[in-house]
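Shared chain: chain A. Partners: chain B in the first complex, chain C in the second.
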Partner chain A sequence: MLVLVCIVAFPTFFLFYASLHEWVLFKRGMPFIGFENFARVLTSSEFLQSLKVSVIYTFSTTSLTFILGLGLALILNKELKGRGIMRTLIALPLVIPPVVAGFAWKFALNREVGVIGAYMLPAVGFMRSLLADPSLALGSIIMADVWSKTSLMFLILLAGLQVVSPDLYEAARIDGASSWQLFSHVTFPLIKPAVIIALIIRFIDAFNVFDTIFVMTSGGPGTATQTFPLLGWKIGFLYFNLGEAAALAIIMLVMTIGVGIFLIRRIT
Partner chain B sequence: MYVEKFSNLKKLILYAIVLTYLVFVLFPLVWLVQSSFKSMYQALKIPPDLIWIPTFEAYHKALGGGMLKAFMNSAIVSLSNVLLVLVLGISAGYALANLKTKASQNIGFWILSIRMAPAFGIIVPLYIILRTFRLVDTIFAVTVAHLTINLPLAIWLLKGYFEEIPSELAEAAIVDGATRTQVLLYVLVPVAAPMIVAVSALVFLLSWNEFLFAFILSSEAARTVPVLVASLAGTMRFDWPLMCALSSLALIPAFVLVVYLQRYIVRGLTFGAVK
Partner chain C sequence: MSKNLSKIVGLTVSLAVLILLVSPPAGAAKTEIRVLCFAQGFAWPELFGTSGVDETERLKQFEEKEGLDVRIEWGDETAIRQKVAADLAAATGRYDLILVGTDGGVQTYGYGGFLEPLDKYLEEYPTEYFDPRDFFPSFLDANRVEGTLYALPYYSFGAGVMYRKDIFDKYGLTPPKDADELYEVLEALKSGLRGDGITDVYPVTMRGAPGEEPTLDVAGFVYAWAGYPAWFEGGATTPDQIRDKKAMPIFTGDFAPGFSAFVEISQEYGPPGIATHTWVDMMNIYAMGKAVILMPSAINAYAALGVTEDENVKKYTRFAKIPTGPGGKQIQSFWTFSLGMNKDSRHKKEAWKVLSFLMGKESMQAFAERTQWPNVTMKSVLYSDVLVKRYGMEEIKLNEESILEAEPFYFPYIPELNEYMDRIGTATSEAIAKMKSVDQVLSGLQTWALETMLRGGYYK
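Here is the complex of A and B:
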């Protein structure tokens, strides 16, 4: 119990403490400066850029993985031959180290040696470099995230679907419901709890993704793919400004809780 | 049991959708693994050779020299996480399942807040603490950092499982004169074995795959496999086959675990929300 308190509570308080001080490693002294770290973070130009990137990134990967995951779960909830092996394969990316996933995509998309970037795309007349072009890099990291995280959506939603009793479908069919009516009036209301959980988990996860983006682009080119976690890493462990990094972490936490509450209220 | 009937056409379309997605899933992995068996020259060839004589050059390089140390580090960190989580997690989970205090009811909220907190929000204070004790770039530091995530998760899962075990079982043993420790070790742990196995696998996997904490807390001596892969991926001169070989080796635990423990891992990753 005590161990747990130490592990959970101590860093939290320490985080707040750090956020209220001017704290830069290798620099002497750490005066108390109140909320100035927050002000500095919020007014910097990189913050706005990261906000934009994070919103686009989080929103598109969450919705794309949701749509794909739901579609695949609906299909593989049916009696199809070979669905066991198909389920396992779809689940596979979930357990693959994100760093490896990022590297695999970086390699495949590479303009000089990658099978997609250097061979397939030029063959259809597309000559630009996916990861070095600011407007395409964001799309590329979104795709890599969809690749690695659709599994989780799929598995949660599939588990939700399996609870639904087949008798209900039969009854609705006998009453003459169309496939769409079946989904919107029977299936969806019943899997709603799973949907909410899936969306919240996925949102938090997408908002905090660091590893795949770091390996693929490190936030670049420029700041085109610099989401909040990458900005935080840069402030805290490249510039060693731990006070500002702590402030950014708290801002992120507040945003996460805000959106989390919004999602719960909105959907329930 | 009601089974929906499909027309053949509909079936075909559904298969086509799933298979397209599977190509998308498997494509980068196949590309990665096949490149690891090529020489530097073959790997850079465009269009790529589909038939070639495999070479183990890259694997020789990956397993010789300094690279092996990263695998050792990863293994030590992951296994000691499993061990510590089992010792601390089983006892804490058991205590929380039996103590009906406010703290044990609120623990769910704590776990949730750990998952919601931005990872680098956790690493900032941890880094400061470990740095003060001059522990940065030690295996100990990385292990402790991983515990901050793994331990609450494990306690949560184990507590839920212990609560499901009927209390008559423990009571019967106590009537027979067993102490509480004996009850836990000889009655409850064997019953909870499936969950304990699942938690171990999950913790191992999370620790093996984790990047951010290990990256910030290690520079040379304590770096784990993901850190090694990432640092090589960031250099300008690429040795693609070597990187592919390292990545392929890093995949092995994932492959083993997804086949055997898929369901449990899902339960863990969704913190028990889905059974």
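Here is the complex of A and C:
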């Protein structure tokens, strides 16, 4: 209990406390200012921009990794030759640290020296810079994230699929069920708990992602790929406004809990 | 009996273990000085080894002589900057010496009262490790906030044009001396390279990534084009000047021409990915022979020379003084890697000894010998054999002239500097990437700056 108080309750309480105070490193004192930090954060243009980027990024990466992960899990749940090797290969990106993956993608996509950005794409006539073009940068980061995190979805969903008894499929087939009916009436209802867990974990992970984006674009060009965690980091550690950073952290916490509850209720 | 004996033995062993655990280790009488810094293996390898965690003979001798135990903690630059902020905010006093760059750290922590003023240590505790007169004054000045010295510089950088002499010669060009010549040279390089069918070499590499980094260079253009640090009316650079003159931000005024020039040069003559390029990218591009000029932060080309495998880059890279802008001032790019003393340090006199040793002549000389970069803070080291032999007396003199002509206060020293740096850098990136026009980003900066200064109580 004491451990929980120390590592969970106190920091959370202090976060709320800091959010209600003006806490700027270069200013003396820490006066109580009510909800002013929240008002400043919510009305800033950067918040709206980061909200847009965060929503696109989180929705895209969560849904794409889910669809790909589920597809791969369904395929590799079948008796295939080389299934073990394929499962290992698909799971491999998961063991690569996001920072390393981010750097690898950054150098690969680099328009001047990257294997993909400087050589492969120009060879087929595509001359734009994937990371420096505002209309392409977010898509490039989403692609890197999907590459990196699909394996997580795959593993969770594969584990879910493996507990579904083959007898159920056989019984349904005898009743004349099509492949789609098998999936929608047998598979999906039975792996729902795994789906919920996978979606919630992925949503939280995507919503809070910092490392990959930071190393690939630092939120740029401009603020084209600046998600909430990058904005929070800037407010806290570049602007030294710890009160506003705490307010943003609470807003993110509320959003995460809200979406988590929504996912659980909607799917169950 | 045997039970009692077991109890006694058990108790004795437990006590012995406890005593061993709580008793100080041998040599613990030495005062421990903790340093928090980035550039592991690059900074002071002669003291901490190339791994950054060794203890060399040189360091041991210093510790023995001064009765100190120097502990250094390393991390990635971003992580260390965060750690410094977090530790100072928590006022733990855990770290005696901390990294504070002159691009916001010195100013924020100096104004915030987190750093120990060092002037009295220079006067009252003269050190044998350096002669303060040996420092180029501008490098010390850059670490002063309203006249008070808060940090000492290790390595540094000033502005310059690093260029490929072979390519300049090919197109009959000489280094530009002013803005007009700079545009002429860039245009000649662009058309020359195009004419020769070279599409993957760019006339210039600069940095335009979002965040604080490019602002050191953008501000240098603003200074050169306006002829003064044109952030606030009348060139106010301190909180007192801004308050006294009620100097308003002028991002849509005199700030604009230099900013526009930086954006235009990046767009027209830089590599396609420049809107996200940091110093690492500009260094790599130059090192790979994909840019003819690197400017204005010349240090990044010296870094490139250390990593390049391109023989032409090694052989034909030259240094030239940075051009002047239409305002009659030279383009600037000035920064020092500095360590300051934590105001909450419990061993300040001892920390001063370590600080002066780390920033001392021996350290600077070792830096020059290892990196062979002329980005050193002391005149005696700049003119040391290793650098003169490497670059020749003429280039060393050019470097010195650049340092002497540099203006460390080419941007304001205000507590809010870090946020300004980030917002200007991000606006630059937006403009280069054409997300918004120059007018739009500057208008946004102007509105934000006005609100910030009003909220900060500058115009009461």
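Keep this in mind: the second predicted complex is superposed on the first by the 267 of 268 C-alpha atoms of A that agree within 3 Å, B and C clash if a C-alpha of one lies under 4 Å from a C-alpha of the other, contacts with A are read in each partner's own complex, and residues count from 1 in each chain.
Keep this in mind: a residue touches a chain if its C-beta (ideal position, glycine included) is under 8 Å from a C-beta of that chain, and two chains touch if they have at least 3 such contacts.
Quantities reported herein were computed from a predicted structural model and do not represent experimental measurements.
Student: So if we stack both complexes on chain A, do chain B and chain C clash, or do they fit?
Tutor: Taken together on chain A, chain C would clash with chain B, as the superposition shows.
Student: Should A:222 be classified as contacting the first partner (chain B), the second (chain C), both, or neither?
Tutor: second
Student: After the superposition on A, what does A:242 contact: first (chain B), second (chain C), both or neither?
Tutor: both
Student: Between chain B and chain C, whom does A:169 touch in the aligned arrangement: first, second, both, or neither?
Tutor: Only chain B is touched by A:169; chain C is not.
Student: Using the touch criterion from the header, give the chain among chain B and chain C with more contacted residues in chain A.
Tutor: Touching more of chain A: B.
Student: Just checking: does A:129 make contact with chain B only, chain C only, both, or neither of them? Give me first, second, both or neither.
Tutor: second
Student: When the two structures are overlaid on chain A, which partner does A:139 contact: first (chain B), second (chain C), both, or neither?
Tutor: After superposition on chain A, A:139 lies in contact with neither partner.
Student: Regarding the shared-chain residue A:253, is it in contact with chain B (first), chain C (second), both, or neither?
Tutor: After superposing on A, A:253 lies in contact with chain B but is clear of chain C.
Student: Can A:111 be said to touch chain B (first), chain C (second), both, or neither?
Tutor: The answer is second: A:111 touches chain C but not chain B.
Student: Check the residue A:234 against both partner chains and state whether it touches chain B (first), chain C (second), both, or neither.
Tutor: second
Student: For chain C, which of the listed stretches 61-69, 223-231 or 277-285 runs into chain B?
Tutor: 277-285
Student: Both chain B and chain C touch chain A; at which residues?
Tutor: Correct list for chain A: 112-113, 118, 214, 218, 236-237, 242.
Student: Flag every residue of chain B that touches chain A in the complex, lowest number first.
Tutor: For this pair, the touching residues of chain B are 1-4, 6, 11, 14-15, 17-18, 21-22, 24-29, 31-32, 35, 43-44, 46-48, 88, 92, 95-96, 103, 107, 110, 113-122, 124-129, 147-148, 151-152, 155, 205, 208-209, 211-212, 215-216, 225-226, 229-230, 233-234, 238, 240, 243-244, 247, 250-251, 254-255, 257-259, 262, 265-266, 269-270, 273-275.
Student: In the complex, go through chain A and note every residue touching chain B.
Tutor: My answer: residues 1, 3-4, 7-8, 10-12, 14-15, 18, 68, 71-72, 75-76, 78-80, 86, 88-108, 112-113, 115, 118-119, 147, 152, 155-156, 159-160, 166-167, 169-170, 173, 194, 197, 201, 204, 207-208, 210-211, 214-215, 218, 228-229, 232-233, 236-237, 242, 245-246, 249-250, 252-253, 256-257, 260.
Student: In the complex formed with chain A, which residues of chain C make contact?
Tutor: 78, 81-82, 85, 88-89, 104, 108-109, 111-114, 200, 202, 208-212, 271-278, 281, 284-285, 288, 290, 415-416, 418-419, 421-422, 426-427, 429-430, 432-436, 444
Student: Using the touch definition from the top, list the residues of chain A that touch chain C in their complex.
Tutor: Contact set of chain A toward chain C: 25-28, 45, 110-113, 117-118, 127-129, 131-134, 137, 214, 217-224, 226, 234, 236-242.
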